[in-house]
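Several structures are given next for inspection.
The same chain A turns up in both complexes below, where it pairs with chain B and then with chain C.
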Partner chain A sequence: MGWLLLAPSVLLIAGLVLYPILYNVWLSLFDKHAFLPAQAFVGLRHYQYFATDEEFWSSVRYGLVYAGATMVLQLGLGIMAALLLNEAFRGRNLLRGIVLFPYMIPTIVAVILWKWLLNDSYGLVNHLLMASGLVRTPVAWLGKDYIMWSLILTSVWQFSPFVVVTYLARLQTIPPELYEAAKVDGAGAWRRFVHVTLPQTRNVLFVIVLLRGIWMFTKFDTVWLMAGEGGVSRYVRTLPVYAYARTFTYLQAGMGAALAVIMFALLLGATALYFRLFRDEEVVA
Partner chain B sequence: MAKTTTRRQFLIGTAGAAGAALLGRAPTARGQQVRELQVWHTEVEPQTVKTIQDTSIAEFERKFPGFKVRQQALGWGDLNTKLLAALAAGSPPDLTHLNPFMTASLWKKGLLRPMDELIRALGEKDIHEATLKLQFFDGKYYGVTHAMGATYIAERRDLRAQKGLKAPETYEDFLKLTAALTDDGKRHGLQMPGEKLYIGFVHPAEWLASNGGSWVDAKTWRPQLNGRAMVSTLEYLQKLNKYMPAGWSGQRYLDTLAALSTGKVAMVYLSGARTIGYIERYAPEGMRDPEHFQPMFKPRGPSGQKGISALDGENWAVFTQSKYPNEAFEFLRIFYSREHYLKYCHTVPIHLTPIFKSMLNDPEYLGHPRIQKWRTWHDFMVTGLSQGRFLPIGFSRPDDNLLPFLAELDGSGIVADLIVEVMVGEKNPKAEADRAQKRAEELLTQLGFKRWS
Partner chain C sequence: MRLSGGTVSRTTTLYAGAAGLLLIGAFPFFWMLSTSLKPAGEIFATPTLVPRHATLANFVQLFRETNFAVYFRNSVLVSFTTVALTLVVSALGAYSLTRFRFRGRETVAGLILMTYMFAPIMIIIPFYILVRQLGLVNTHLALVLSYTTFCLPFCLWLLRAFFLSVPLELEEAALVDGAGRPRAVWHVVLPLVLPGLIAAGIFTFILAWNDFLFALVLITSDELKTLPVGVNDLFNATIVDWGMIMAAGVMITVPTIAFFAGVQRYLIQGWGAGGVKG
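Right after this comes the complex of A and B.
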């Protein structure tokens, strides 16, 4: 009877989670055209190929730079903003709403907005920089040298509110007596943050880092919309973009599937390591 | 007194309304079958879509009662992906535009229907040689171009005239001209589009064709990306990059047209008749004319005979899996009827140039106000056609219509990476060409097209 009750959930999980993962693994063992029904079994050949594929390793590097930089900046900015919004001041509720705005707008809108702002022919950023005399000629924000930074800036702007909201929610549940006791003990703002806020918010930080790390490493839409169709995409081609390209532009679905499996394995490994390094502390906390 | 509605009344009312709506629909809902002819094409301009609807589709539906034509206008990239997905699902449209570089691959898989009868009916001898045999395989026609639109360089003719310089013939001439037109801090000499499609496929094919090269060896299909034609072109491009805006590789084709119109650059590398629309909208008043803006042929490399550029012109195709192939061919007869076809070509004048030689100098075609004003642009295209200066998009030589892997080569971005690394990354041309060659050889091997040993 127990199994019967569990059956719908098991079926759903098997159908919606396990089957796609296993099918993807299966597909990665084939040389398969993206659309046409032509396929041949090749075993682990795709994996062997990627082990020495320069494009693959460069996409891993770009992915790590992008995910790492965006995550650190999101955390820094998000925590600072949350601490600020946790204080009492006039207009706080309005500001809390405004802070959420970037997270609520569709990615396509956010990217178009930033591409427009950063455009070196007609963008507002260059206009302001030149008008203020900070630069003499427009900076090519969307060119080779700055495209990664522009992408990071856009992503941090869009996704930091997630950190703000999540962190703020936890901040609001910290008992005020803890701060008052610390004050009585002579702790200043910094020491209160280090000795009260951080230990109290360790749980939520653990989750934020985990989720944001996974989401940024697998982020596709922002990267693709920012530079996917451009010649400059070479300098921001992360692993998800490379997997997409292999499947839908090279039309090699088998290779795309192999990249997806590798990405999954990398994330699984990183998550396991993360849990091993930090979970004990988290449980204690 | 306010009248209340019970839950039962509300449900009965809603069900009644839904039933009435269903029964009141077109006869299809009651059993009379309306067949749908699916037509996909790449002309997305609203006025073009409307004209097709009001002319060809309206007449077809009159002549074939019981048929409804459903047209879908799709951008290039969307069309290719959607088509392949539809073919895989076994339900392609009845009639579609195809890029000539994709047609061979589909024909080779036995997916296309021949259309010799239609070509004869349209007038085989009247169809321009630049397009007639692009889909001619094994003695049969498998496609017909919808219209022709040449691409070329667009220049500020007034600026060149002020410098007293002639139109460039060679890469060297073009470098000198670009340098001369660059006005530091005020205007760049040239801008290329940054999209991968152009910088990694359309232009490289032109450069190879203009410099005695080709994508692959004709017999073995071995890629030729590190051949002399490509390497000397890369060296030239690296020099050319100095006269372009620093961020060009992140800009789009339409941005380049805006930059030309507003005077930020003196020349754009990719232009067509659509440029006219930009000039008329964004150029300063008093400059929106052919005296200031003119097309220019692309230069040739040291090993080439003449500068070649891309001819934009998708072909209509009917699939073997089409549900209503006969009606698809009938639709095309109506589409190409003089009355409808002229209106179609006039929706984007010069960009949609008729494929029929007899129409190129037809007073009725030339009578359109925009063609009259920009007549030199039309004449330029006709000259280019007669001099054999155009090849279909992505072709490095006429026989490339037989290569079944150009779509994959384009999609891989291998050539885009090569060009960008050399131009923007300032990497060594030969070393990067060798790297691209290795990647291209790997790709063709993976796709099963390796014929070399």
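Right after this comes the complex of A and C.
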């Protein structure tokens, strides 16, 4: 009876997640067209190819820049916003709801919104910059020089709310007595943050960094929608986008699969290292 | 953290920060709405905060001259089917995980949690080939199955927590009173886990409504496309008609925000139990 009720869940997850993962590893050993059934065994040749593939290495670099920069900014902005929303003021609950919106909307909306704000000829950002005299000619925010920054801005706006809500949930459970005691000891705001808030929120930060790190490194839709396939896309071509392009643009499914395996291996390695470096035995999430 | 300094400066800092957050969170949406209501002449002139001559022309054009209404209908259809299927499958699974002891239960629970970490991009290639072999490419069923599968790990864990909070004695009491197990579950357990079901439903709806990657890969014909891919096509088709694109943005955003505003408290509850991915 127990198994029977669980069967639909297990079947779906095994069939549509676990089986594809294994099949993906198998596929990476073949030369396979994305649509046609023809395939030929090539062993580890795809992996050898990528070892010296300039496009691959640049996609890893772009991926690290993108994930790294968005992570730092999301954490900074997210934590500051959460601290603010933990204070008592009028309209707090409404604001707590509003700051979540960017995380709830489809990526396509976030992207068209920022593409419009950053539009070189008619965008509000350039208009304000020129009206205030900060720049003299319009800046091509979506051109090759600034596309990475625009992508980072859009992503930070879209994904910071996750940090806000998760961090705020933990902040609300810190006993107020801890702050009272620190105050009696004469600790200022900064010292109370460092000596009370940070130690108390260590575990939730550990989880936030882990999840956001994995999700930013594997982010596809924001990156792809922001830069498209041609033109400036090669200045923000991260590993997920490269894997997609190999499969569905060059139609080399075997090579795409190999890139997915590499992505998985990189994440697994990074996660293991992360646990080793930052996981204390004494703390339990 | 309590900000130091006098009460006045503390209050000022607080409200300045709140205003800043409001600006970041809400202004882009306001600007989208404002642009969608402007006639073409105003969009390409010096920007004004609110339209001088507000018009619904962009919305009319969106529905008359593009396939937007079809994309919208497809998105509604796919999202609600996904929600229904996911809730049934995950409620059954969560009930099983909390009410029955059987071999391999913990292993299965652990494996399910692990799949939560996987990003769709890492399996989209074999997934696509599999769907092709099953003959499901270019069907809404393929989308529903993908979304259900990707929502399951989260919904199972969320509902598991809710089922665990229902005391076994309540259910047993109903069984002793002569009710069969299905009736006991329907009348005693389900009402108590309703907030969990609502939270799981919202998460599923948002994931299905927002998805871009699966819809991009699995759907090829225009009349089957869902909103994110359809709107991206509109955006790429010709010279961008910003008024109409912003109108499309407004139309996609409204259901999510309406849904979200209506059930915000359940959502926050669900967030505490595990969070959504994205």
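Structural remarks
Simple rule for what comes next: the second predicted complex is superposed on the first by the 263 of 285 C-alpha atoms of A that agree within 3 Å, B and C clash if a C-alpha of one lies under 4 Å from a C-alpha of the other, contacts with A are read in each partner's own complex, and residues count from 1 in each chain.
Throughout what follows, contacts are C-beta pairs under 8 Å (C-beta built on N, C-alpha and C of every residue); 3 or more make two chains touch, one makes a residue touch a chain.
Everything numeric in this text was worked out from a predicted model, so none of it was measured.
In the superposition on chain A, A:234 contacts chain B only, with no contact to chain C.
Between chain B and chain C, the partner in contact with more residues of chain A is C. When the shared chain is aligned, chain B comes close enough to touch A:144, but chain C does not.
Of the two partner chains placed by superposition, only chain C is touched by A:102; chain B is not.
In the superposed model, A:262 lies in contact with neither chain B nor chain C. Look at A:192: by the touch rule set out above, it reaches chain C but stays clear of chain B.
Of the two partner chains placed by the overlay, neither chain B nor chain C lies in contact with A:71. Once the two complexes are laid over each other on the shared chain, residue contacts for A:16 go to chain C alone; chain B is not touched.
In the superposition on chain A, contact is made by A:248 with both chain B and chain C. Chain A residues in contact with chain B (one complex) as well as with chain C (other complex) are 34-35, 119, 122, 248.
Against chain A, the residues of chain B that register as touching in their complex are 77, 81, 84-85, 87-88, 109, 185, 194-197, 199-200, 245-252, 255, 258-259, 264, 407-408, 410-413, 416-417, 419-421, 424-425, 435, 439, 442-443, 446-447. The residues of chain A lying in touch with chain C in their complex are 1-6, 8-10, 12-13, 16-21, 23-24, 27, 34-35, 80-81, 83-87, 89, 91-92, 95, 97-109, 112-114, 116-117, 119, 122, 124, 127, 157, 159, 161-162, 165-166, 169, 179, 183, 188-189, 192-193, 197, 211, 214-215, 218-221, 224-225, 228, 240, 243-244, 247-248, 253, 256-257, 260, 263-264. In the complex of the two chains, the chain A residues touching chain B come out as 31, 34-37, 49, 54-55, 119-122, 136-138, 140-144, 147, 227, 229-234, 245, 248-252, 255. Listing the residues of chain C that touch chain A in their complex gives 1-4, 11, 14-15, 17-18, 21-22, 24-26, 28-29, 31-32, 35, 43-44, 46-47, 89-90, 92-93, 95-97, 99-102, 105, 108, 111-112, 115, 117-130, 132, 145-146, 148-150, 152-153, 156, 206, 209-210, 212-213, 217, 227-228, 231-232, 235-236, 242, 245-246, 248-249, 252-253, 256-257, 260-261, 264, 268, 271-272, 275-278.
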